[in-house]
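Shared chain: chain A. Partners: chain B in the first complex, chain C in the second.
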Partner chain A sequence: MGPVAAALGFVEPVLDFHALAPELVLAGVLVVLLVADLFFDERTRWASSTIAGTGLLLAALPVLTLAVAGDERAMFGGAFVVDDFALVLKGLFLLGGYVVVLLSVNYVGEGDYYEGEYYFMLLSALLGMILMASARDLITIFVALELLSLPAYLLAGWRKRDPKSNEAAVKYFLLGVFAAAVMLYGMSLVFGFTGTTVLADIGALLGGSPTAAPAVTFGIVLVLIGFAFKISAVPFHQWAPDTYEGAPTPVTAFLSVASKAAGFAAILQLVFVGFLGREDVWGPFFWVLAAATMTVGNLIALRQTNIVRMLAYSSVAQGGFMLVPLGVVGLNPEAAGSALSAVVTYLLIYAVMNLGAFAVVITVARKTRSGEIASYGGLFEYAPGLAVVMTVFLFSLAGIPPLAGWFAKLVVFRAVLDAGTAWAIVLGVITAVNAVIALFYYAAVAREMWMRPVPDDDRTPVSVPPSLGFALVLTVAGTLVLGVFPQLVARLGDLARFEALQAILTRL
Partner chain B sequence: MLLNQFLILAAVLFCIGVYGVLARRNGVLVLMSIELILNAVIINLIAFGAMLGGESAVVASVFALFVIAVAAAEVGVGLAIVLMLYRNRQSIDVSDVDLMRG
Partner chain C sequence: MDGFDSWALTLAVFLPLAGAAVLLLVPRRDETSIKTVALLTTAATFAVGVWILVNFDYGATDELQFVVDRSWIEVINSRYIVGIDGISLPLLVLSMFVSMLCVIYSWNHFPEPHNPKAFLALLLILETGMNGTFVAQDLILFFVFFEVVLLPMYFMIGVWGGPNRQYAAIKFFLFTLFGSALMILGFLALFFLGGQTFSIVELQDTAQGIARNTQLLIFAGLFMGFAIKVPMFPFHTWLPDAHTEAPTVGSVILAAILLKLGTYGFVRIAIPILPEAAVEWAPWIGLLAVIGIIYGALGCLAQRDMKRLIAFSSIAHMGYVMLGIATLTDFGLNAAVFGMVAHGLITGMLFFVAGSVKDRLHTLELSRLGGLLVQAPRMGWILGFCAMASLGLPGLAGFWGEFPAILAAYNPADGLPEEVFRAYMVVAAIGTVFAAGYLLWMLQRAAFGTPKDEFADQAVPDVNGPEWIAWSPLLVLILVLGVYPHLLFRVTDGAVGVALRALGG
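What follows is the complex of A and B.
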């Protein structure tokens, strides 16, 4: 240690390389990808997708070994924590990212744009996401948020000569950066009144002696608004449909699943570790947000004619379902445990079925070159396999047993019943009505595929490249297995309860 | 202690920034308005750090440094996107960007 450090009383932090391994491996793969891309020519450039996919699976290995080791590891004064919650979400991000790479291989390979850079940015965003799963400190959350957002803005505008892709990037960037700035202003107020950035300490201060300073309330609201943009909750959703439609479709799949999950990871950590003493502020906030997001998302989805745009509004509405457990915790904090499991379980199931739906959309668009729902007419006649698979995903998104989606809805209702107050039941009724509305637009696509004639009588079969086929097999298997054996994912959802949460629950 | 004056300055900057983001149509001016909000954040952090003292002052400075560094990255990405827009449409008026609706 140097003399300056000694004079300042600097203590060298203890580095636990095992706990950091997923991030370190992914960062290493990023560097390899960037350098290797320099040596690829036209014939060998497909290799960057192989490096990216293998790298993501390599980074998932330490997640497994950490799960086997099973102990909670905290570093940097509690700013970086590896617990079961973090591991479940890291697994979700890395495997979801792997499926996105599978979806991208042909789309990117057959496009006219750079390939190495695409995977580099995809992996950078994923690095930010797995960091977010462990971030338990305002500064770390902010850095992780920017690390996952900045590459995502560029990915949305990846087709840089396509005006629609430009528009997607501009809208996503301006609203995303604005939301991040508003969130930071809120963080600065929360920091000012608590004197710390570590969430556990903030939670102890806010929960122990209730600080009713209006500035703290304002700060908490601003921070949550910042993340409401990230998860495209109404009324902060305006960027989502345009960005989803204009961005390259594999990027849309990535944003609607991984980016949304990262936003929820941050919200769960902030709410259940940092702000649990202030449910009087965020409880009503999430209640209103959940009701508005489900209802508006579903009603606008009903009149969409473009399938990607329809899935965009469906993803907004699904985000509303995930907010319901947070809305009811504010009414009855004793439901905190089941609410946390419900959100994580919903995220896992939603990731599988939504990535699957996008895999079908990308595969069908290879033949029809169109995103209109009308172009799915008669799909069953010339591509029966794809039509069946798409129906599975759509009905799973609608929540019909025995597909995985029903269990996601079930855990949400269980959280509502655990809270059990009158307002919680009201929110439960709104959720149930919305689940019925959603069935209409999912079923409309299914009707198009099974009962309508082929639009231009072009019955040549749809070719399914191996990578897309593999992605479809993975997601269909996931949707069916999790629907029949939901205890697999329920176990993960229950694991994901924070240690800190247990302490707070015993206090109640 | 001058804390209130700093906080009021930051709040005024924040409001100007939010107004600019909502009212301006020029892409570069929207970016500048976002920078104003970030500067309000930095002033807030440093003022709170100076008031709290001790370890909090260090944390506040580190936070402020991260905000400055990330803001630079944001502007880099933002200008690239605005430039891409200009190449395709010869305009950086963000209210013209409305190909998709509904």
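What follows is the complex of A and C.
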């Protein structure tokens, strides 16, 4: 340690390399990817996708070993924590990222895009996400958010000769930066009144009376609004449909699953660790947000004719379902435990089925070169396998047993009734009605595939490249197995409860 | 419990699913193998059913038998509990039986766009859902099976149905889903207020502590789920559309089994778990039931399409079943279960005949039909037989579903308004007159007289091989149960007592 540092009272932090291993491995793969790309010529460029995919699986290994070790590890004064919550989400990000790589192989390879850079950006964003899962400090959260957002802005504009893709990137960038600014202002207010950026300390302070000052309330709301943009909650969702439609489809899959999950990871840590004393502020906030997001997302999705836009609005609506448990915690803090599990469980199941749906969209578009729902006419006749698989994903998204989505909906309802107050039940009924509305547009695609004639009578079979085929097998197996044995995912959802939360729950 | 005992119900539920999985591996062009696999699967499932019938302890119909209790979703304390008592047994066996007959009937009756592979795979998945619903003794398990039937039926109507099939299919789906969304809210409320369990048996004790007003609300949620499925007036509007558009086999299954999932839900779940609320709601349920009886009958008289007419008659018949349930008496519930089975056999048969008529004449418009007895006498007689059974002629099965239900309304359970139910009784009795009216009217227009000019020269093939095989067991059962109803009543009698135990019934 140098004399200057010593004079400043700098204490060298203790580094737990095991805890940092997923991030370190991923950062290493990033460097390898960037350097290796220099030596690839046109014919060997495909190798970058292999490096990216393998790298993600490698990074998932330490997540496993950490889970086996099982102890909670905190570093940097509690700013970086590896607990079950963090591990479950890191696993989700890395495996979800792996599936996105599978989806990208042919799309990027055949599209004459910059392959090495594409995977570099994708993995950078993922690095931001796994960091987010461990971030328990306002600044760490912000750094993670920027690390995952900046590459995502670039990825959205990856088809640079397509004006729609440009529009997608610009909209996403402008609104994203605006949201970040709002959030930073909120964070500064919270910091100003509590004097700390560590969430656990903020949580301990916020329960007390001096922090009931309006400015703190304002700060909390601003921080949450920032993340409401990230998870495209109504009324902060306007960027999502345009960005989703314009971005390359694998990137859309990535944004609608991984990026959304990262937003939720941040929100969960903020509200359950940092702001749990102030559920009087964020409870009603999320209640309204959830009701609006579900309803508006669903109603607009009903009118879509483009499948990617439909899935975009559906993902807005699904985000609304995930907000429901947060909305009821404010009414009855005792439901905090089941609410947290519900959101995590929902995220995991949603990731599997939504990635699957996008895998089919990408596969079918290889033949039809179209994103219109009408182009799915008669799919069951010439590609029965794909039609059945897509049907599985759609009705899973709609929440029909025995497909995984039903359990996601069930745990949301469970959190609602665990809270059990009148307002919670009202939200539950709104959720139930929305679940029925949602069926309508999912079934519309199924109707197209099964009950409508083939457009132009073009029955050339759809070729399924191996990587997309593997992605389909993974996701469809996941959707079916988790639907019949939800215990597998429910346990993960249950594990992912914060220690801090347990302490607060016992106090109640 | 050892050996086959503990596997019987699980096999009964999942054999069809396994069969569907095997079907997926058979190439689409090899239709004979596809049909054979489907037939063998349903036959094997029915064989399990026969084994269950033989080994069922008829001295203890009030107890759950062949029970299996395994952990399933520990996190929410939902378990894989299956078992059957005297109420489930007839319905379970009926479901297996009708599924098998449907495969036999399908042998040479695949509606456009053909594709036996997909059609039979859906039929098998459907059977898994139906069998599962009748054996599930855990609310979440019940819910899952209750919903599993939606998708196959949606596709069966939507792909193989009539001209207006897409509308009918989505309507069926949306209505049912809306009901079940409220139902699951009710189930979860039971879970949290009734001692953190989903076990139907345990809830019968633990749910009694729930506050009265809350019970009423929960019952309302369950009511929505079950009543839409039955369907009761005013939630019935999906039924005529679904029935009219569905392919023959779809209609048969819908009438014979799917509607029973709703009434079964009342008997198995809503009443035993929430008896106090049931007493409170029963007069209203009875009211909707008799409205359904009259409304269905009047609806029948206004129909021009034979299938639609049968569909409306279903609404009326399910009205009798619901009236029996609403009396909350031993007598009424026995009648209800009998009514479910009888309606399943009779209306299933009517839809079979209607389907075959449509196959031959390509229309079911009553104004164009006529002289079936001349053109195809055997089929005409079968239609007449079923019409008689359906209108409740003594000596045939239909009688034992209607008559005791009406009688039960004379003397409803303690706590129910006697005068009101007696009024219902009168209305329901008038309903039987209507029933005779519309069924005889239908028979007269379709079977009597001479064929209309457009079909006069057309050769109408009479009942063929697969039809005989599929129909005769149903016809025999209609007669046997009509002559000797004790066969069924002795099975259900003990079990309905348990359902009403909390009422002191």
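Please note the rule applied: the second predicted complex is superposed on the first by the 505 of 508 C-alpha atoms of A that agree within 3 Å, B and C clash if a C-alpha of one lies under 4 Å from a C-alpha of the other, contacts with A are read in each partner's own complex, and residues count from 1 in each chain.
The rule we apply is simple: contacts are C-beta pairs under 8 Å (C-beta built on N, C-alpha and C of every residue); 3 or more make two chains touch, one makes a residue touch a chain.
Computed from a prediction, not measured in an experiment: that's the story for all the values here.
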item: First, second, both or neither for A:493, with chain B first and chain C second; value: second
item: First (chain B), second (chain C), both or neither touched by A:5; value: neither
item: First (chain B), second (chain C), both or neither touched by A:35; value: neither
item: Chain B versus chain C as contact partner of A:161, first or second or both or neither; value: first
item: Touching both chain B and chain C, residues of chain A; value: none
item: Footprint of chain C on chain A - complex, ascending; value: 341, 380, 384, 391, 395, 400-402, 406-407, 410-411, 413-414, 416-418, 420, 425, 428-429, 432-433, 435-436, 439-440, 443, 446-447, 450-451, 485-487, 490-491, 493-494
item: Of all residues in chain C, those that touch chain A in their complex; value: 28, 71-76, 118, 140, 143-145, 147-148, 150-151, 154-155, 158-159, 165-166, 169-170, 173-174, 177-178, 181-182, 184-185, 188-189, 191-192
item: Partner chain B, residues of chain A touching it in the complex; value: 138-139, 142-143, 146, 150, 153-154, 157, 160-161, 163-164, 166-167, 169-171, 173-174, 177-178, 180-182, 184-185, 187-189, 191-192, 195-197, 241-242, 245-246, 300, 303-304, 309
item: Chain B residues touching chain A - in the complex, by the definition given at the top; value: 10, 14, 17-18, 21, 27, 30-31, 34, 37-38, 40-41, 44-45, 47-48, 51-52, 56, 59-60, 62-63, 66-67, 70, 73-74, 77-78, 80-82, 84-85, 88-89, 94, 97-100, 102
